[in-house]
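Before anything else, here is the set of structures, which you'll find just below.
One chain, chain A, appears in both complexes that follow, with chain B as partner in the first and chain C in the second.
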Partner chain A sequence: MPILRRKLTLEEKDNAIGRRFLYPALFVLLCIIAFPVIYSFTLSFFRWRPTEVGHRFVGLKNYFDVYKDDRFVVSIFNTFIYAFVGACGKIVLGMGLALLLNKKFPGRAIARTLLMLPWIIPVTASLTAWNWMFDGMYGVINIVLSRMGLISTYINFLGEKGVALACVLMVGIWMGYPQMMMMLLAGLQAIPGDLYEAAEVEGAGKLRVFFSITIPSLSGVLKTSIILSIIWTFNAFNVIWLLTRGGSSTHIMNTLAYEFSFINMRYDKGAAMSVTILFFLAIFLYIHTKMQREDSLQ
Partner chain B sequence: MTLNKNKLKKTSSKVLFFAVLILLIVLIDFPIYWMVKSSLTSVDKMMTRDVSLGITELDFSSYKNIWNGTDYASQLKFKDYLINSLIVVLTSSGISIAIATLAGYSLSRFKYKHRDSIAQGILYVYMFPQMILTTPMLMLVIKLGLYNSLLSLILVYCTFSLPYSIWMMRSYFNVLPKELEEAAMMDGCSKLKAVWKIMFPLALPGVVATVTYSFIIGWSNVIYPLTFITDESKKMVSIGFLSLISGDMTPWNGVMAAATISAIPVVILFMFFQRYLIGGLAAGGVKS
Partner chain C sequence: MKGRVRKSFAISLIALFSLSAIFAAGNTEKAAESKTVEVWMINSPVESIISAFDTAGTDFESETGIKVNYVRIPTNDFHTKLVSSISAGVFPDMIIWNSSPGVEFSGTGAVQPVDDIVNEIGRDQFGEGSLKMFAVNGKQLEIPFMVRPGGIHARKDWLEAAGYDMTPKVDSDGYYYYEGLQTWDDIVAAGKKISDPANGKYGLGFAYSRKAFGDSAAFGMSILYSYGASLLDADGKVAINSKEAIAGLNLIKKIWESGAVPAAAITWDGGSNNNFFIAGDIGIVLNSNSIMGKLNDTTGTKPEDLVILPFPSGPAGSYLSASPESITIFNKGNVEAAKSYAKYLLKAETQVKMFEKMGFGYYSPLKKDVMSNALFSNLNMNEKVLMQDARKAINVSFPYDPNAKLGALYSSFLFDDALSRIAVDGWSAEKVAAEMAAKVNEAIND
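Moving on, here comes the complex of A and B:
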C-alpha cells in the first residue's frame, strides 16, 4: 500500500535537488583521481615501453627497479627534508610578515602586493630569474658575494651537492611563503581586539602577548597552514625541475618519477614510483584527518 | 619630559618597523627586480662581471627580439604562446567556475548524506600531486587524439583549478544570508534559476576571486604543457621561452625579457582583483 511510502517533505525534496548540483564536479573529480590512480597502480605491475607492443605482467619487478636506483633513497631523504624544512621556513617567514602586515600603516596595500609577488609571478619567470642569479659565471649572487669579500672563487650554486639542495630549499620557501602569510594574516585579523586591550591593561609584555594570546588564538589556522604547507612542499615539482632537473642530488620523489617516465621513457617504472609517492601521501592525509577529527571533538 | 621620552620611543620603534619592513621587501623582491633589470640590459653588458645593482641603461632590443622572433629568438613564436595561454586559461577558468559555483552552492546550502565527507574528499583532491596524474592523463590524451592540442590542456586545467575553486565558492555561499534565495523561491523561481539569478550575482566577489585564482594558477602551470605539447605553435607562454636556455650560450637578457612579458598579465590581473582574491584565499584556507 502506498501509505508506507511517506511523502517527501518539501525540504527533503529540495535537498535531493541540491545534491544534483554536485554531480558535475564529482564526475570530473572522480575522473581525475580514480582513473589515474587505477591506471598507475595497474601499470606498475606490467612491463611496458613505448617502443614495444603490448603489456607483460612482471609482478613487482618495476618496484625493485625503482628501489635499486641509487637516487631513490636520496630522493626520499630530500623529499622529507624539503617538506619539513621548507614548510617550517614558509610558516616562520609567513608568520613574521603577517605580523608586520597586521599593523596599520600608510602604504600597507602596496607592501602586501610587493610581498605577494613571489606567488603571483609565473613560476617559470621567477625560476629562470633565480637560475640567472645563481649563474656560476656572471650571476649576481656570485658577483655581490665576491665584492663583499665573502668568497674568493665563484660558486656553481646549482651544480654542487648540498649547496644545490640549500638553494632549492631557499627558492621553495621564497615562492611558497605568501600563501601562508595570507592565511595567517586572515587568522590574525579575526582575533578580537579586546583580548589585546585586556592584556595591555594588565601590563603584559609583547612576547607574553604573542605566546599567550596570538599563538593560542591562531592554533586552528596554524595547524591547517602547517599541514597544507607540508603537503604542498611534498608535492613540489617546479622548483627542483626548473632549477636543477634533479641534478647535484636534488631529486625529490616527484622529479624522480618524472625523470623515469618522461626522460628515460620508462612509464612502468614511473608508475611504480607514483604508487610509492601515493603511499607516503596517504600517511600525511591520515594524520590530517585525525587532527581534524580531534579538533571537531574538542 | 616623560612625554617626550615616550614620543621618542614611539618614533624610534616606528622607524625600526619601517626599516625592517623595507629591508625585507627589498630582499624578497630582488629576484623580480633583477629579472626586469637584466631584460633591459644590452648583450655586451650582460656577460661581464662589472655590473651595478642599479638600472644603468634601458635597452629594449631583447624585447624586440622576443616579440618579433628575431636573432636568437628565431625559433620562438611568442605571440602565439600568449594567445594560446589566454585561450586555454580563460576557457578552463570559465568551465571550472560554472561547475564550482554549482558544487559550492550545493555543499553550502543543502543537507544530504556524506556531504561533509565529500567536501573533505574534494580538499584531498587538491592535495594530489600533479606529477602522478601526468602519465595517465597523457595516455588518455593520446587515446583521444588530443595530443598537441589546446583542447587537451583546457580539459586538464579545469581539473586542477576545480577543487580549490569549489572550496572558495563554498565558503562564500556560507556567509551569504539564506533569506534572499528563499524569497526568490517564494516568487516561483526554480532552484537552478535562483542560483543563476540571485546567488551568482551576490557571490560575484567570490566568483571574481576564484576566476583570478584559476587564472594565476593556470597561467604558470608547467608540467602539463611540458608533457602534452611539442608543437612550437601550440606552446604555452609559461614554458615556450624555456627553449632559449642552453647552458653558457643562454641569451639571458632575452630570457628575462620573455619572463617579464609572461608575468605582466597576471600581475595586472592581481592588482585589479587583489581585494577579492586575498579574501578568497584566506577563506578557502582558514574555514575548514
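Moving on, here comes the complex of A and C:
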C-alpha cells in the first residue's frame, strides 16, 4: 500500500526553500568557525610542532605541560583581572560619557566624535603612542608627573610588575569604552521621556531618577554590554602583546597561547591553552544566552 | 525522502566541484608562475640596499628570463610569518636571512640541501666555520651569503673626555684594539665613567627586555659564550648552569646594577638602543651596523663621534652572537630557479656590483673573492673593525654542531628572559642559570 504524503502548506514550503538558502552560509560558518575549533581540539592531544614531521598522539600531556607552567596561573589571574576590572571600567566610563552625550549642549557632535577616537584610531598607531608615553626615559607621563612634583625618579610603567598590568588595563579600558558608550547611549535614547517628566513632577532627585528609571530601563543593554565586554576583553591580545609582550608578569591566557604556538613553536601546547580559554568563554556564552532567553521570556 | 537525499547529494557535488575549480585555478596560476622565484627577506631600513637587491633581481631576469619576486617582511614579524606559513604548507622558494631558518626547519624535510652549489662555488671561498654553522647531519642546508656585522658602537668624544686614548692599535695577530677597552670588564668600567644620569646621559645601552627582538639575546649570549658557557657540553648534556655561565650571568647582573644602563632598558624594543644612541643619550651600544648610515649633522651623535670598538672578550675569548646572512632554499617550490638565483647572487661580480650600490657597513662581504676586491681596500677604521669582528660570529649551538632544537630555543626568548629575570625580578645568577638549564633540558629531551 503506497504511503500517502501529507501535502505541505504554503508556509512549510517557503520554510523548506528558505532553509536551503541557508546551506551555503552554514557551510562557510562551519569552515571558518567549527573547523578551527575541532582542529585545535584535536591538535591538543597530539605532539604537533612546526619544526617536525608527523604527529603522535600524547593524550592529555599537552594539558599537563601547560598547567604546570609557572606562567599559566599568572595568566589566568591576569585574564580575570583584565576581563572583569576592564569590563567594569569600560561600563562605568561608557555610562558616564553616554549620560553626558545624552544631554543637549553646544559642541555635542564634536565631543561625540572626539570621544570615539580611541575606537577609530588604528590599534597599532595608538599602542605605539602609548608605548612612547609610558617610556621610562622620555615618556610624557613621567615628564608631566615629574614637573608636577609628584615623582622624584621616573617610573618604569611597563617594566614594573603590578604597575605594568595596571597600565595595560588602563589602555584596554581607554580603547574599549567608546563601544560601551555607544551601546549605552542608544539604550538611553530609547527610554521614553514621559518617565523622566513623571519623576520630575513627583519631585524625584537626580540620583533617584538614575537608579529608579535609567538603570532599570537599561538593564537589558547593561547585562548584554557587561557580558559582551567580558568576552571581548577575555579575547584581548594586541594591547598586551604590543606594550609588554607578556613581560613583567602581564601575560593573559591569549598571549600565552600565542607564545606557546609561535614563539616556543609548540602548536600542541598552544592548542591545549586555546581549548582551556574556550572552556572559560563557553561559560560566559552560556550565561549570556541564558540571560537573553530570560529577557525574551519577560 | 529520496528526493531530499538526491538534492543534498547534488548540492555536495556542486560544492566539491566549486572547491576543486578554485584549487585548480590556483594551481594553474602557480604553474604559470614557474618562471618566478619568490624570495623572502628582511625589509631593510636602508633604501640603497633595497635598490641593490632589486637591481640584482632585474639583471638576473634579463639574463635568464626568471623573474625575482621579493617579499620584504619587517624584522619583528619574520619568524612568526615563517612559522605560520610553513605550518600551512606554504613555502617561499628562497629565504635570505640571518636567523638560520634552514637549520631550524631541518626536521621538516622541506629544506633543500645545497652542497652542490657550495661545491660548485668552492668550499674554500667560505670560512669553514661559517659553512659548519649551516650543516646538519653532514648536509649543507644554507649557504653563507654576506654578513650583517654587529659591533660595539661607542661615543668617541665621550670616551676621550673620560681619558681614553682613542688611537687604534694593532696586536701581534693583526687585530685592531683600543687601549683599556678590550674586555667586557673594561667596557663596564668605561660605561660607568662616561655615565651622567643626572643629565640624562647613560654609559651603556644594553636592552634587558623581551621586546628587543634579538638585541637582548645577542648581548646576553655574547657575554655568556665569551665567558666559556655553552648550552650543551660535548656529550650533549645541558651545560648552561656551568660555573662559566654563572660567571657570565654575574657580569650581566653587574652591568645592570652599575647604574650605567637606563632603568627603562627593561622595556626597550628593537629600535630603542639605536635611537637613544643616535639621539646622543647613550655612550655605548651593541647593535648591527644600521646606526652608521643614520648619523648626520642633525643627529645628537655626529658621524665623527662614532667609534666602533673591537668586540670585547671574556675569559674564554671574544664571541659575537650573530649568524651570517644565509640563503635557504625550500624543496617545495621552484627549486631549480631558486638555485640558479642563489648562484647568481653568490657570484663575485654580482656582489661587487651590489656593494658598489649599497656601500659597506650594513652588509659586509663574506666570500673570499669578494673580500679581496679592490673595493674593500680603502675602508676606514670603523669599517675595518666591523670586518675583523665578523669573524667572531657564532650561533647558539657553538662550539658544537648546529642543533635545530637549540635554534628554536634561541627564538623562544631564552636569553631575553634570562636578562629580564636579572633586571625585573632581581634573581641571582645561579637561579637564572637553573631556569635556563631547565628550559634547555625540556627543549632537547621533550
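To be clear about the criterion, the second predicted complex is superposed on the first by the 288 of 298 C-alpha atoms of A that agree within 3 Å, B and C clash if a C-alpha of one lies under 4 Å from a C-alpha of the other, contacts with A are read in each partner's own complex, and residues count from 1 in each chain.
Just so we're on the same page, a residue touches a chain if its C-beta (ideal position, glycine included) is under 8 Å from a C-beta of that chain, and two chains touch if they have at least 3 such contacts.
Computed from a prediction, not measured in an experiment: that's the story for all the values here.
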Quiz item: Would chain B and chain C fit next to each other on chain A once aligned, or clash?
Solution: clash
Quiz item: Between chain B (first) and chain C (second), which, if any, makes contact with A:262: first, second, both or neither?
Solution: both
Exercise. Please work out whether A:179 is in contact with chain B alone, chain C alone, both, or neither, and reply first, second, both or neither.
Key: first
Quiz item: Which of the two partners, first being chain B and second being chain C, lies in contact with A:67: first, second, both, or neither?
Solution: neither
Practice problem: With the two complexes superposed on chain A, say which partner A:17 touches: chain B (first), chain C (second), both, or neither. | Solution: first
Practice problem: Look at A:51 in the shared chain and tell me whether it touches chain B only, chain C only, both, or neither; answer first, second, both or neither. | Solution: second
Exercise. Figure out whether A:210 sits in contact with chain B (first) or chain C (second), or with both, or with neither.
Key: neither
Quiz item: Once the shared chain is lined up, is A:245 touching chain B (first), chain C (second), both, or neither of them?
Solution: second
Quiz prompt | Partner touching more residues of chain A, whether chain B or chain C | solution = B
Exercise. Go through the superposed model and pick first if A:137 touches only chain B, second if only chain C, both, or neither.
Key: both
Practice problem: Based on the superposed arrangement, let me know which partner A:158 touches: chain B (first), chain C (second), both, or neither? | Solution: second
Exercise. Superposing the two structures on chain A, identify the stretch of chain B from 80-88, 116-124, 242-250 or 260-268 that clashes with chain C.
Key: 242-250
Quiz item: Which residues of chain A are in contact with chain B in one complex and with chain C in the other?
Solution: 20, 131, 135, 137, 262, 267
Quiz item: In the complex of these two chains, what residues of chain A are touching chain C?
Solution: 20, 23, 27, 50-53, 131, 134-137, 154, 156-161, 244-248, 262-265, 267
Self-check item: Complex contact set, residues of chain C against chain A
Solution: 11, 15, 79-80, 83-84, 86-87, 104-105, 107-109, 200, 209-211, 262-264, 266-267, 269, 276, 281, 404-405, 408, 411-413, 420, 424
Quiz prompt | Residue ranges of chain B in contact with chain A within the complex | solution = 17-18, 20-21, 24-25, 28-29, 31-32, 34-35, 38, 46-49, 51, 53, 99-100, 102-103, 105-107, 109-112, 118, 120-122, 124-125, 127-137, 139-140, 158-159, 162-163, 166, 191-192, 195, 216, 219-220, 222-223, 227, 237-239, 241-242, 245, 248, 252, 255-256, 259-260, 262-263, 266-267, 270-271, 274, 278-279, 281-283, 285-286, 288
Quiz item: What part of chain A is in contact with chain B in the complex they form?
Solution: 14-22, 24-26, 28-29, 31-33, 35-37, 39-40, 43, 97, 100, 103, 105, 109, 111-118, 120-126, 128-133, 135, 137-138, 140, 143-144, 174, 179, 182-183, 185-187, 190, 220-221, 224-225, 228, 231-232, 234-235, 237-238, 241-242, 254-255, 257-258, 261-262, 267, 270-271, 274, 277-278, 281, 284-285, 289, 292
